[in-house]
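Across the two complexes that follow, chain A remains constant while its partner is chain B and subsequently chain C.
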Partner chain A sequence: MAEQGRYLYAVCRGLTPEAVDGIAGLGGGRLSLVAEGDLVALVSPVDLDEYGEEGLRSNLERLDWLEEAARGHDAVVQAAAAIAPTAPTRLATIFLDDEGVRRRLREREDAITAALDRVEGHEEWSVKVLTRVPDAEPEPVPVASSGAEYLRRKRQEQEDRSAGDRDAHVAAEKVHEALVTVVAASRRLPPQDPRLAGHQGTMVHNVAYLVHRDRSDDFVTLVHEQSDAYPEVVVDARGPWPPYSFAMLDEA
Partner chain B sequence: MSESALSRPAAGVAGYQDRPHPDSLADILERVLDKGIIIAGDIRVNLLDIELLTVKIRLLVVSVDKAEEMGIDWWKNDPMLTVRERGLAEENQALRERVEELEGSG
Partner chain C sequence: MSAPPVEDTRAIALVDLLDRLLGTGVVIAGDVVISLAGVDLVEVSLRALIRTVEEDSHE
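Coming up: the complex of A and B.
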């Protein structure tokens, strides 16, 4: 049998073993907790053939492997975040044994505690604003009568498109201004590539919002209102997520 | 109301497990690869590798079959793409006519 490592999903506070009972770790490994002071690390055994340095190097290049690992990692983090203050760790944080985990928790205790204090009681929402893609096919236009006419038309199309993007940016800022009134923090993320995200239109806004649980309903209501107020764009809100985008460590 | 794509009804904020739609891979990767707390494990993962990987994902260096299997089939119904194709056909036609015109007058 291959050597086993400890895959670290998240560091929590007040998580009990019963809470994660019945949730499978990556590769079907059994989840367990490693406690150090007030901090509790959520780990499961993984095969070092697959999750060792060599294995990871080739596995991370395989999209099917990566997707399975990412979804498995996220499923465990979500289960923990639903019941305890949780700071998710980046994908593929692996130790050789429980003592290695404890050592790292001791070293970073203050920073991790500060991160948990920030996210406790909160959840993350992802809001994207996209330009609206017309449903109808544009009217077929007659062939340009000259090269100049053709270029003029191209320029017009380009200008129409930039004007649409500009309007969408303005709408996105208005939506953002409204949403920040009920959130604890926000963080701008780069627009996603449509080839991976599968969306249509231009993504002009991709922001993570940290929302207190008590204000989640307000937040969702506000998203609906803003969506209705700016029909020229698509407002896409997803959540709640564990607070991935806000559980960052302060520089040590 | 239909304008926004909320992943679950607005009424009643339920737990994470109740989200009806599978999360997009883009949303998950952007979080598990780029966010969260970063602490050094015993297994050293070359972060550069991961960054290269995300670049590759952004460029979609995967096979068409693989992408379709994952539900990424944007090229089939991307209006921008079809507009672009239409534009090229139009440009081609315009150029052909222009060449004929010039040849005819010469």
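Coming up: the complex of A and C.
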């Protein structure tokens, strides 16, 4: 049998073993809790052939493996975050044994406690703002009569596009200004590559918002209002999710 | 486009999940095992994703 490591999903406060009953860890491993002071780490055994440095290097290049690991990690984090303050870890955070987990909890206790204090009672929402792509087919344009005409048209198209992007940036900032009035924190993420995200138009805004559970309804209402107020852009909000973007330690 | 602006769902799109799982989260390096930097992980995964997308679009 291959050597086993301990895969760490999240660090929580006040989590009891029943909370994760019936949820399998990655590769079917049994979830267990490792406690240190007030903190509880959620771990499961993984095979180091698969999750050791060498294995990860090749496995992370395989989309099917990556997706399964990310989904499995998320399932465990979601279950924990539904009932206890939860600071999720990065994908593939692996220790050699439980004592290593405990040692790290002791070393980082203050930072982890601060992260848990920050996210307790809160959920994460994602809001993206994209330029609106016209539904209608563009009017057929007669073939350019000359090279100069062709270049003129190209330039015009370019200018139209950047004007559209500029307007979208302005709208996105207005949406953001409205939303931050009901959120605890926000974090800007890089716009996503359309090849990965499959969206149309230009993504001008990709922001994670930390919203208290009691303000979720207000937040959703505001998103609807803002979406109506700026029909020139597409506002795409999703959630609620575990507070992935807000539970990191200060030193990354 | 008439899709509602808010999708109340806990199912996270893979690209959103990877944005988060590879970029942020409590940073606790494992004992010895993980020496890959976070940045490397992101680049690795994005390469894998982009390659898959490209393969799909060539079919």
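Throughout what follows, the second predicted complex is superposed on the first by the 250 of 252 C-alpha atoms of A that agree within 3 Å, B and C clash if a C-alpha of one lies under 4 Å from a C-alpha of the other, contacts with A are read in each partner's own complex, and residues count from 1 in each chain.
FYI, a residue touches a chain if its C-beta (ideal position, glycine included) is under 8 Å from a C-beta of that chain, and two chains touch if they have at least 3 such contacts.
Small disclaimer: the values here were computed from a predicted structure and weren't measured.
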| item | value |
| --- | --- |
| When chain B and chain C are modelled together on chain A, clash or fit | clash |
| Touching partner for A:147 - first (chain B), second (chain C), both, neither | first |
| Which superposed partner A:189 touches (first chain B, second chain C, both, neither) | both |
| Touching partner for A:227 - first (chain B), second (chain C), both, neither | both |
| Which of chain B and chain C A:238 touches, first, second, both or neither | both |
| Contacts of A:63 with chain B and chain C, given as first, second, both or neither | both |
| First (chain B), second (chain C), both or neither touched by A:35 | neither |
| Intersection of the chain A residues that touch chain B with those that touch chain C | 5, 8, 10-11, 48, 51-53, 56-57, 60-61, 63, 66-67, 70-71, 73-74, 78, 87-96, 100, 104, 108, 112, 115, 126, 189, 192-193, 195-197, 220, 223-224, 227, 234-241, 244-245, 247-249 |
| Complex interface listing, chain A residues touching chain B | 5, 8, 10-11, 48, 51-53, 56-57, 60-61, 63-64, 66-67, 70-71, 73-74, 78-79, 81-82, 87-96, 100, 104, 108, 112, 115, 126, 133-134, 138, 143-144, 146-147, 150, 154, 157, 189, 192-198, 200, 213, 216-217, 220-221, 223-224, 227-228, 231, 234-242, 244-245, 247-249 |
| Residue numbers on chain A that touch chain C, as the complex places them | 5, 8, 10-11, 48, 51-53, 56-57, 60-63, 66-67, 70-71, 73-74, 78, 87-97, 100, 104, 108, 112, 115, 126, 132, 135, 187, 189-190, 192-193, 195-197, 208, 220, 223-224, 227, 234-241, 244-245, 247-249, 251-252 |
| Touching residues on chain C, where the partner in the complex is chain A | 1, 5-10, 12-36, 38, 41, 44-54 |
| Residue ranges of chain B in contact with chain A within the complex | 1, 3-7, 10, 12-13, 15-17, 21, 23-46, 49-50, 53, 56-58, 60, 62, 66, 70-74, 78-79, 83, 87, 90-91, 93-95, 97-98 |
